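Following this line, the structures themselves.
One chain, chain A, appears in both complexes that follow, with chain B as partner in the first and chain C in the second.
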Partner chain A sequence: MEIIQIVGLGLIATVLILVVREQKPMFAFLLAAFTGLFIFLYIIGRIDTVISMLEQLAEQTGIPSIYLKTILKIIGIAYIAEFGAQIVRDAGQEGVASKIEFAGKVLILVMAVPIIHVIVETVLGLMPPGG
Partner chain B sequence: MDIDVSAIFQIAGIGIIIAMIHTLLKQMGKEEVAHWVTVIGFVVVLFMVVRLLNDLFQEIKTIFLFQ
Partner chain C sequence: MLDWLSGWLRNIITVILLAAIVDLLLPNKAMQRYARLVVGLIVLLTILSPLIRLFAGDFNDRVEDSMNAWERAGASSTAQMPTLQQISKEAQRLSNERQRQAASLAERELASAMEQEIDSRLGSEGSVAVVKLSEDGKKIASVLVTIAAAAAEKEQSGEPNSSSIQPVDIAVSVSVDEVTSAASSDESTEVKDEEPEAVTAEQKSVIEQALRQGWGIAPKQIQIRTK
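Then we have the complex of A and B:
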């Protein structure tokens, strides 16, 4: 029952953050960031099994590994961008958080370009010549 | 994982103690020293956070980005 541990940790951290924020808001921010990092790091290891399963499936179905790698990279970018944006938003900097999310979206789009390219080529290949 | 939950309590403790020291030094009329104490405490906690951030990014890189 890891979820109980994590929820308990979050509650305790929230109380501590509220206590510290009265005196020093800077420390409260760092504490919030640290708590978020800790939970993320704790749970990111669990995703290993899902990824190995996906790899196995891709291997069985003969999907080129470059697609799976691209998708995993996109997921990684999404996690990092979301995490950073949330921490920055916690500190009250809505604008910077929006820019981080924007950068994440653009980078994901760039990552997806080869896949889109392949899709368009496939569709063009399916079309009758001269059509 | 070399960092455990007690680090969260450590950070909260550092924050409260720094706030206390700050108030005390302010009462004694040593504003300059009080500010330096705050800055140093902040840097110490910042180091802890940044180390954990590095761990997290390395982990994400090895899991998702294959590097």
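Then we have the complex of A and C:
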């Protein structure tokens, strides 16, 4: 029952943060960041199951591996950007957090560049020359 | 035909399944919009794949190639801040380089001055001096003087100023160890043993005297040979 452990950890961290925040806001933030990091790293291994399932699926049906790679990269970028942005947001730096999210969005969009390239080339190739 | 159709459909279904799972996995709404666009493009590519294959050949390789090229470009353009260690290493390298250049310049200057002095004292021309500085560049480690053989003969015959004198190169090499002068003297005596016989004692003393008076170089550090 990992969920109980994680929720327990979260609750304890919350209580401690509330207690500490009055005296030392700095330590409260550090505690929050550490708790977030711990839960993230603790549970990131579980995504492994999902990813291996996706890989198996892709292998069985024979879709090009580049698709799966792109999709996994999107998931990774989204998670990392979201996680970093939330820690920064906890510290009260809304501006920096939104910049991190922006960077994540841009990087996800950049993943689409080769695909768009092929589609556009094909569509242009469909046009009759000189038409 | 049916095989091809079922393969195509299977591809589409798989990609759409993948897209659904990605939607579930994504952390928040803001990212979802962007991810959906990319996943939608992939679905579109899969649906269009027979058409694309018909008109543009095998496109998977091209997608992969451009993806890899883009990754390489991104990796190479990544702005890297040099670490402090790298900076100090670079500074060390630059200062070593500068010291080496200064030392070689000093060696050349010293050598040319010594050549002039030796030439004037022996009354010959064309002697060549090679100066080696010690590691820290503050002391002369060794001098190698090469005098022309003919000049040496003239000197012996007592006609140093005759016009037919050929240049004599004297090689004087002296190794000076700052810490243990005894060890260095040993080394230099060994070096002296290898000297060619053609250098007379008289020439040697003249050269050694010149170098000692001019630059304070001990005879041990000097190596003389004829060309």
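The rule is simple: the second predicted complex is superposed on the first by the 117 of 131 C-alpha atoms of A that agree within 3 Å, B and C clash if a C-alpha of one lies under 4 Å from a C-alpha of the other, contacts with A are read in each partner's own complex, and residues count from 1 in each chain.
Basically, a contact is a pair of C-beta atoms (placed from the backbone, for glycine too) under 8 Å apart; a residue touches a chain by one contact, two chains touch by 3 or more.
Note that the structure is predicted; figures quoted are calculated from it, not measured.
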(request) Name the contact category of A:Pro129: first (chain B only), second (chain C only), both, or neither. (result) neither
(message) By the touch definition at the top of the document, which applies to A:Met26: first (chain B), second (chain C), both, or neither?
(response) first
(request) Identify the partner contact of A:Ile116: answer first if only chain B is touched, second if only chain C is, both if each is, neither if none is. (result) second
(message) If we overlay the two complexes on their shared chain A, which of chain B and chain C does A:Gly95 touch? Say first, second, both or neither.
(response) neither
(request) Figure out whether A:Ala81 sits in contact with chain B (first) or chain C (second), or with both, or with neither. (result) second
(message) Once chain A of both complexes is superposed, is A:Leu41 in touch with chain B (first), chain C (second), both, or neither?
(response) first
(message) Under the contact rule defined above, give the chain A residues that sit at the interface with chain B and also at the interface with chain C.
(response) 47, 69, 75, 79, 83
(message) Quick check: in the complex, which residue numbers of chain C touch chain A?
(response) 7, 10-11, 13-15, 17-19, 21-22, 25-28, 30-31, 34-35, 37-39, 41-42, 44-46, 48, 51-52, 55-56, 59-60, 62-64, 66-67, 70
(message) Using the touch definition from the top, list the residues of chain A that touch chain B in their complex.
(response) 9, 12-13, 16-17, 19-20, 23-24, 26-28, 30-31, 33-35, 37-38, 40-42, 44-45, 47-48, 51, 69, 72-73, 75-77, 79-80, 83
(request) Can you check the complex and tell me which residues of chain A touch chain C? (result) 47, 50, 54, 57-58, 61-64, 66-71, 74-75, 78-79, 81-83, 101, 104-105, 108-119, 121-122, 125-126
(request) Please give the residue numbers of chain B that touch chain A in the complex, ascending. (result) 1, 3, 5, 7-9, 11-12, 14-16, 18-19, 22, 38, 41-42, 45-46, 48-49, 52-53, 55-57, 59-61, 63-66
